[in-house]
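By written order: A, B, C, D, E and F. Residues from 1 in each chain.
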Amino acid sequence: MRKQEVSALLIGRFQPFHIGHLEVIKTISRQCDRLIVGIGSAQLSHTFENPFTAGERHLMINRALHDEGLDNYFLVPMVDINRYAVWVAHVQSLVPPFQDVYTNNPLTRRLFEEAGYNVRSAPLFNREVYSGSEIRKRIISGKEWEHLVPKGVAETIIEVGGDQRLRDLTREHSYEVTI
Amino acid sequence: MRKQEVSALLIGRFQPFHIGHLEVIKTISRQCDRLIVGIGSAQLSHTFENPFTAGERHLMINRALHDEGLDNYFLVPMVDINRYAVWVAHVQSLVPPFQDVYTNNPLTRRLFEEAGYNVRSAPLFNREVYSGSEIRKRIISGKEWEHLVPKGVAETIIEVGGDQRLRDLTREHSYEVTI
Amino acid sequence: MRKQEVSALLIGRFQPFHIGHLEVIKTISRQCDRLIVGIGSAQLSHTFENPFTAGERHLMINRALHDEGLDNYFLVPMVDINRYAVWVAHVQSLVPPFQDVYTNNPLTRRLFEEAGYNVRSAPLFNREVYSGSEIRKRIISGKEWEHLVPKGVAETIIEVGGDQRLRDLTREHSYEVTI
Amino acid sequence: MRKQEVSALLIGRFQPFHIGHLEVIKTISRQCDRLIVGIGSAQLSHTFENPFTAGERHLMINRALHDEGLDNYFLVPMVDINRYAVWVAHVQSLVPPFQDVYTNNPLTRRLFEEAGYNVRSAPLFNREVYSGSEIRKRIISGKEWEHLVPKGVAETIIEVGGDQRLRDLTREHSYEVTI
Amino acid sequence: MRKQEVSALLIGRFQPFHIGHLEVIKTISRQCDRLIVGIGSAQLSHTFENPFTAGERHLMINRALHDEGLDNYFLVPMVDINRYAVWVAHVQSLVPPFQDVYTNNPLTRRLFEEAGYNVRSAPLFNREVYSGSEIRKRIISGKEWEHLVPKGVAETIIEVGGDQRLRDLTREHSYEVTI
Amino acid sequence: MRKQEVSALLIGRFQPFHIGHLEVIKTISRQCDRLIVGIGSAQLSHTFENPFTAGERHLMINRALHDEGLDNYFLVPMVDINRYAVWVAHVQSLVPPFQDVYTNNPLTRRLFEEAGYNVRSAPLFNREVYSGSEIRKRIISGKEWEHLVPKGVAETIIEVGGDQRLRDLTREHSYEVTI
């Protein structure tokens, strides 16, 4: 019989996936047999806060983890469900069974604790330097950003034209023509 | 034949239900045969603005009204429907027929007036002291709050661990792991 | 401190509420402190299968239970959520805490058992005679039906014009004008 | 001041718009100042029952009415809202004010009558010959169908490749790959 | 055969439709055979930002364009779909085929360009003077506003009581009774 | 620079994943650099047609492919979106870029062809023997079924109690308590 695996869950938006994320995942993945990485707010894209589609994020994360030699992970896109009372059940239905949850977010911690899970803190890695918001701002203003993300992520962003998309959007979110 | 009842409608979020709410309901319930109390934004919970589930609010209101000896009321959870043009029809379908609406909110007043209802002002009771927002802040900061709510409400909040939940959330609403 | 209450949950569509439902509720309500009656498919109305709105059902059930002298119950409308994996969490968020679930439906039984609840069979009462489908057919064909429902239910149906509504709909569900 | 207009409402799916529809509209449009034509189930397309998008139906109806010299009409796509209790409010919010409703559907009649509207029967025109279902079957089986629809409709169907689309779908609705 | 038409698309919220909108449409409609005017955020109404229903906007725009002698246009209400990645497909399904898109909004431009469309700037007309926000503020504060909109728009707003509705709402959006 | 990968897409419900699925995937995965396997109707579970959650299917497919030594694939859960006109855009946003689509379903073929994709037939493998419906029936009736699925799939079904769940559901889908 297949030996009992210990799976852990980590959810992020990864807009984009950066070296801080990678370091956390490298650390956590040594503490479990299988790491489930939830790609949160999967339905969002094309805004300053959420420029990349779930599929683009899937690709960039996969390349980054593969280049690190990691292979004991699942990537699972998760659309938001705007009712916290059913959120844990929603996550449970989308991913394989898991035992541990890693998070630094108080609401996530609270919801999983109410559902009986073992919740641990995600070991932060140089949070001031590695930040999605900072990277998006650098892309828009033309500053250097490639050194803040794994090589496979930078390649993906360039391939899908994500840097130009971000500059085009420049913080305007409405698709209304307000002529 | 059953005599014609006069029913009135009052909608609130009741996060939590407090003594101001109770006084309003005691006054209104003397002016009608049956008071329909709508528990608004029923789908929301686990945030600073809306910490308690619809079921928890149902329980706390029922205990408070029962302890006052009131029994001519309906409690009806109402999920939001984000289209005001169909909102009155949505409410009408969820509750028994009613004749009067009590509200101090201009949009509620306008919508029910456009639909032909008799809309009255809800008699405010010491609004500065009895306020859901103020009570939530007191719970978070560890100040006394139990005297601002009916006894059955305080009991419910303690039973479901609502005071600790509010402190855990501390105004952070996102469930994103922003590692 | 308030003594620990034992609450039980029973969910039905009650289209309409009939004497079979009433007998079940009378039996169950003696076995718990508080019975939570979920009014299922609350969003549906105006079809042969679901002629009455949630509000109309709320009123008819309340009258029937009140006339029986029952007062230890909650009536809670429940809109459908078409994802069984989150259905128990959805129900939990809408109603006060409960310990027991009464049902004869295999899926309901399975879902609540997977969530760790104690599920019991609902004691059926003369199911061939007391049936919502049979009562709706009788209303449409002009046969006697009032003796199959509690007095408060028959009054409600007449008051809201539910008998005429059913005859008008005559099993056609589409609102498409197929000219 | 603009003179008071009498507007009438007629809703159909128009899959596709045919000569029976056209004759009804010609008759009704003489009885009002302005005819509002609702394009129902606007969100559906690419199935045997609903092959054409709302936009394609908009174009075919506009061409047919324009070729007849009619110009006192509004075309309004209407997505379904699967709650009949709010359906009239939904329709009211999407279209300009109207006084009369034309329909032969019992549910539509009932819903608009409950809302206080004047509902009239739509004058049927040779229903056995002019039928959307019959036309779709003819397109699929390669029989002649162009004579059953206005010229502008046939042109539109050909232009958008609707005849080939229908044949490709051949009554299979699922987009599941059942390999 | 029907000659190939060149259709252009312009989307706005038109809360309300004003002379700036009219001038843009007059200019664009000379550059295409058919102008498709999308009435955006069709599901919204009864707020300060979006006071008028889709149906009221449909009526006001139709009157304004008709009074100008324009007749080569389609008016299409468009409910929001809060996923930009499918937004172009959503629009495509609601309207007849089009070749050009007019917009000054960066996100709209970007989304249609990613989908392969020819996107042009909408020629602005005296934007400081003709602005929906400015007109709504003037209506609320009782200043003159009728000269900023076409005659048919002012008539429609008065007819549906839109000026009084705006004053009643006075920037409060919540329908919660916060007693 | 990373070499250009050729990705193919295959979507199924995989209720459950069986040897026929596995053979198709082994064949297709030799014809592309990366195979994207969409887990369709991801929101469904706990019915006879769709007994397993998306997460359970994710786990069973991953084990089966891993045991075969395959590693050039993405598994992506896809919730249904009941508007075919936006379905391809929905899929595109959820998965990494792809060039080829494999399907035997006429609607899927049609939708991807309208969107400009290269669509190929999925090479069927002994369809009469390897069928999800047949396997579900065998599980319910207690016949042998394990030889029809990869070893990792049988293990997963047993682990999550999927065989007992199916027997409990026995083709009843409604969660209504019809007492």
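Just so it is clear, a residue touches a chain if its C-beta (ideal position, glycine included) is under 8 Å from a C-beta of that chain, and two chains touch if they have at least 3 such contacts.
Everything numeric in this text was worked out from a predicted model, so none of it was measured.
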{"item": "Interchain centroid distance [CA atoms averaged], subunit C/subunit F, Å", "value": "37"}
{"item": "Between subunit E and subunit F, centroid-to-centroid distance (C-alpha), Å", "value": "43"}
{"item": "Between subunit F and subunit A, distance of the C-alpha-averaged centres to the nearest whole Å", "value": "24"}
{"item": "Subunit E residues counted as touching two or more neighbouring chains", "value": "43, 45, 53, 83, 85, 92-93"}
{"item": "Arrangement of touching chains [line / ring / star / complete / other]", "value": "other"}
{"item": "Touching pairs among all chains present in the structure", "value": "A-B, A-C, A-E, A-F, B-C, B-D, B-E, C-D, C-F, D-E, D-F, E-F"}
{"item": "Contact footprint of subunit E on subunit B as seen in their complex", "value": "10-13, 20-21, 24, 40-41, 82-85, 87, 102-111, 114, 122, 124, 132"}
{"item": "Contacting residues of subunit E [partner subunit F, same complex]", "value": "81, 83, 85-86, 88-90, 92-93"}
{"item": "Residue ranges of subunit A touching subunit E (in the complex, touch as defined)", "value": "43-47, 53, 165, 168-170, 172-179"}
{"item": "Subunit C contact footprint on subunit B (complex, rising order)", "value": "1-2, 42-43, 45, 53-56, 58-59, 62-63, 71, 74-77, 79, 92-97, 152, 155, 159-160"}
